[in-house]
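Here come two complexes built around subunit A, the first alongside subunit B, the second alongside subunit C.
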Partner chain A sequence: MTNTEKLKDLVVDVFLIDPKEFRVDLKREQIETWDSLGVVSLAVGVQETFGQHFTQDEAIGITGIPDVIKVLEARGISFDA
Partner chain B sequence: MTATGVVMLIERGPRENMADLERHWASARTFAYVQEKSAAAAPWLSGIQEQIPAPYRENHFCLLTSGSTGAPKLVIGRKHNSEELARVLHRVQDSEPVRETIVSLPLTYCYAFVNQWLWSRVMHRRLVLTSGFAKAEIFREALRRADNAMICLVGPQAALLRNMFGAERFPGVIRLHFAGGRFPQEQLPALREMFPNAAIFNNYGCAEALPRLTLRRAEDGDAASDIGSPLPGVHLKSGPAGELLFRSPYRSVAQLDSHGFRQIAPHEWIPNGDLVRYEGNGRWQLVGRAGEVFKRYGEKIALQQVISTVNRQWSGQIGYYREKDAAGEDGYVLLLSPQPSEENLRGLMRVFRSSHPRTHWPLRIESAAVLPLNSNGKVDSLAAQSMEHRSLLWRQRI
Partner chain C sequence: MRSPNIRDLAWLKTVPLSAAVLRASSSVRARVSAELPLPVVSSCSDIPAGAVTLIAAGGGSLMDEAKHFRARHRPALNLVLMPSIWGSGAEASPIVALNRGGAKEIAIGGEFLPDTVIYWPELLATIPPARARRACGDAWSHALEAFLSPLASDTLRAELAALIGEMLSLPLAADPRWFQASARACALQASASVGLVHGIAHALEHPLRARYPEQEWGHARLCSVFLLPVMNLNRAASPKWTDLARRYNIDEQAVWTVLQRLFEPEALAAALPLLNENWMKILRDPCTRTNGALVRARHLEEIALQAAA
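Moving on to the complex of A and B:
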């Protein structure tokens, strides 16, 4: 399973979106279930799935999936196909 | 729509419809202020023009709540009474030094509506609108710029404050109010560090009270369950089973739900689903919730209501049992039998997403080949909880 597929599974699970809706450029405004508890769930899920812990500033600054990928790529996790 | 019809105002997010909200409050015509998703979940709302009698179509307002049974219910309040409550709150909460209020909850939530929007309007204070923790950077910036500000949160948000904003201090916040769920008593030391200049209050109430019943300054008690003393004019008593009953000059005057319209008699004692104990000296303690209605992160959940939703999508057996999450918040685990297909499970997820906020979603969805039954044919939750051979289908990560 690629890292993009892992992230897709996580986002689908956390926000209950349909797998077909997932895109790597999804912004929080496009996910109506992106709420405060969802942000916390996403952070926990990233730790479980990728072993990476968001800092407070990172968690606050996440405005969509591209930001999640950016943070993880900065930690050496690749999202190339 | 008739000239005296009830106007429906749909809230789609902070800063949306604010001019409309102001206009509707100033107008004599009654209006209903509801969130888009809530309106969709209560189809009977489309008939409110016919169901609300003429005397209530002027000088009133309506907000949607889940009520003590969990079923959607429109609570109807008198504008004048709620404005009076805002003045009372201003006095008893010592709010004169407050220059602005920072909103982090939906204004359709009657706690934010009365404590913040209406208070700011009546007392001519600034209203600062944010999306709360959903857009935490904007909320944090508002807290950083706070100018003698009041904020109103639900209890579980105290933990989010620490998770999201760490050790940052917000000296411009001078009043910090909590309602909607357990008061975060254990987190008071951290809250006092984060808000060094804030007086902290436990604001207990319910939607039917529109919304306030009691007040306690944080330092006046050492238990989260201590809700303090009734506001001036409010009377509380406990019923035969320990259930809270209240009278208040500020309460809703009528209600509308799927069963129709009901006027509340002037001296009627109103139950709100909580169990209480009188502590003497005018003070009250919360003991728990009656029945299967409980609060999770400040949101009221009626399990039967959630199960009704699941029933629409799932024709197999359904069971559930109560469990707390890692943060100690009440929740529940949904049990299905037999094991649903991937397609069934996705359908169920779609229903949860479209019909319920996240707080109503189960902590986990599990399945088993067969669920144990009581002699009355209902699923035996206790036995189901300790069953082996359960499969985990989905889980929340909080």
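Moving on to the complex of A and C:
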């Protein structure tokens, strides 16, 4: 499973969206179920899936899937298109 | 946030109680009325306008109803809570969980804390052993889910680890020390949130009571029944529990022994159809979303397998 596929599974499970709705450029406002607890669940899932913790600043700055990818890429995790 | 005064029955009997009314659950009403001969109201909305003090004696739901009523309708009322059983810790918590049309509505605020809490250990004498054990499960679910919550700070986890150590020394039976332990567990979880056990309890309590009216399906039993399957799920999903238990010197084997003693496999099997029906609702519950491990749609199957095991 590629990292993009892992991220897709994670986002689908966290936000309970249809897998067909997933795109790597999804923003928070495009995910109806992304509320104030969204980043908390996402952080737990990222830790389990990629073994990486968000810092508090990183968590605050996440406004969509591109930000998640950016944080993980900065830690050496690559995402193929 | 102010803390309520902790007193006992002897103290309460020395206080002038003119203009006080009593709201008590049926299980303790006669006993409490014998000690405190006060006008009894059958619901908070029946409290007379001139009442100055409300004494609410009963379980978590009754106490939460009184807390909510005082905060929203009669803020000048002096509120005295007398828990009839431990577990919920509602008497020490700024959280209220209200039954609204079959769903739980949660509200949080310092205005919900009572003025005084009366612990009356003699009330424990008539609690059946199964109910006493389930009340312990309620307190255990607060402590363990708060400990694992992603919102828990290091300081809070240290306090919870100390509490878990103390709870391991208590019997899963009627013991007055559970009052303070469960009150602490509840107060600590109010700062950290809880997890999947509570998401399940919020979604299933009402439908289980409707389907099995002859059985005692309350919050405490749901916590007891689902705590082992959920902790197994947490342990399998990530190393978080094992790592944190080691870091905070929690005896993992001793905790699992408690969870196994609380577990009721037949009750889990009976609840499974409703768990299945309500799973999406459970996944959306705010408590589920602060579970120690990410709860995924496929985890329903893993919980179901534990009933078979």
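We adopt the following convention: the second predicted complex is superposed on the first by the 80 of 81 C-alpha atoms of A that agree within 3 Å, B and C clash if a C-alpha of one lies under 4 Å from a C-alpha of the other, contacts with A are read in each partner's own complex, and residues count from 1 in each chain.
Everything below uses one rule, namely that contacts are C-beta pairs under 8 Å (C-beta built on N, C-alpha and C of every residue); 3 or more make two chains touch, one makes a residue touch a chain.
In this text, all values refer to a predicted model and were calculated from it rather than measured experimentally.
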Which partner, subunit B or subunit C, touches more subunit A residues: B
First (subunit B), second (subunit C), both or neither touched by A:Ser41: both
Which of subunit B and subunit C A:Phe22 touches, first, second, both or neither: neither
Touching partner for A:Asp13 - first (subunit B), second (subunit C), both, neither: both
Partner chain(s) touched by A:Gln56 [first = subunit B, second = subunit C, both, neither]: first
Where subunit A meets both subunit C and subunit B, residue numbers: 13-14, 16, 33, 37, 40-41, 44-45, 48
Subunit B - residues contacting subunit A, complex: 37, 132-137, 140, 157, 160, 163-166, 297, 346, 349-350, 352-353, 357-359, 361, 394, 396-398
Subunit C partner contacts - residues on subunit A that touch it in the complex: 10, 13-14, 16, 33, 37, 40-41, 43-45, 47-48
In the complex, subunit C residues that touch subunit A: 150-151, 237-238, 240, 280, 283-284, 286, 289-294, 296-297
Sites on subunit A touched by subunit B in the complex: 13-19, 28, 32-42, 44-45, 48, 56, 59-61
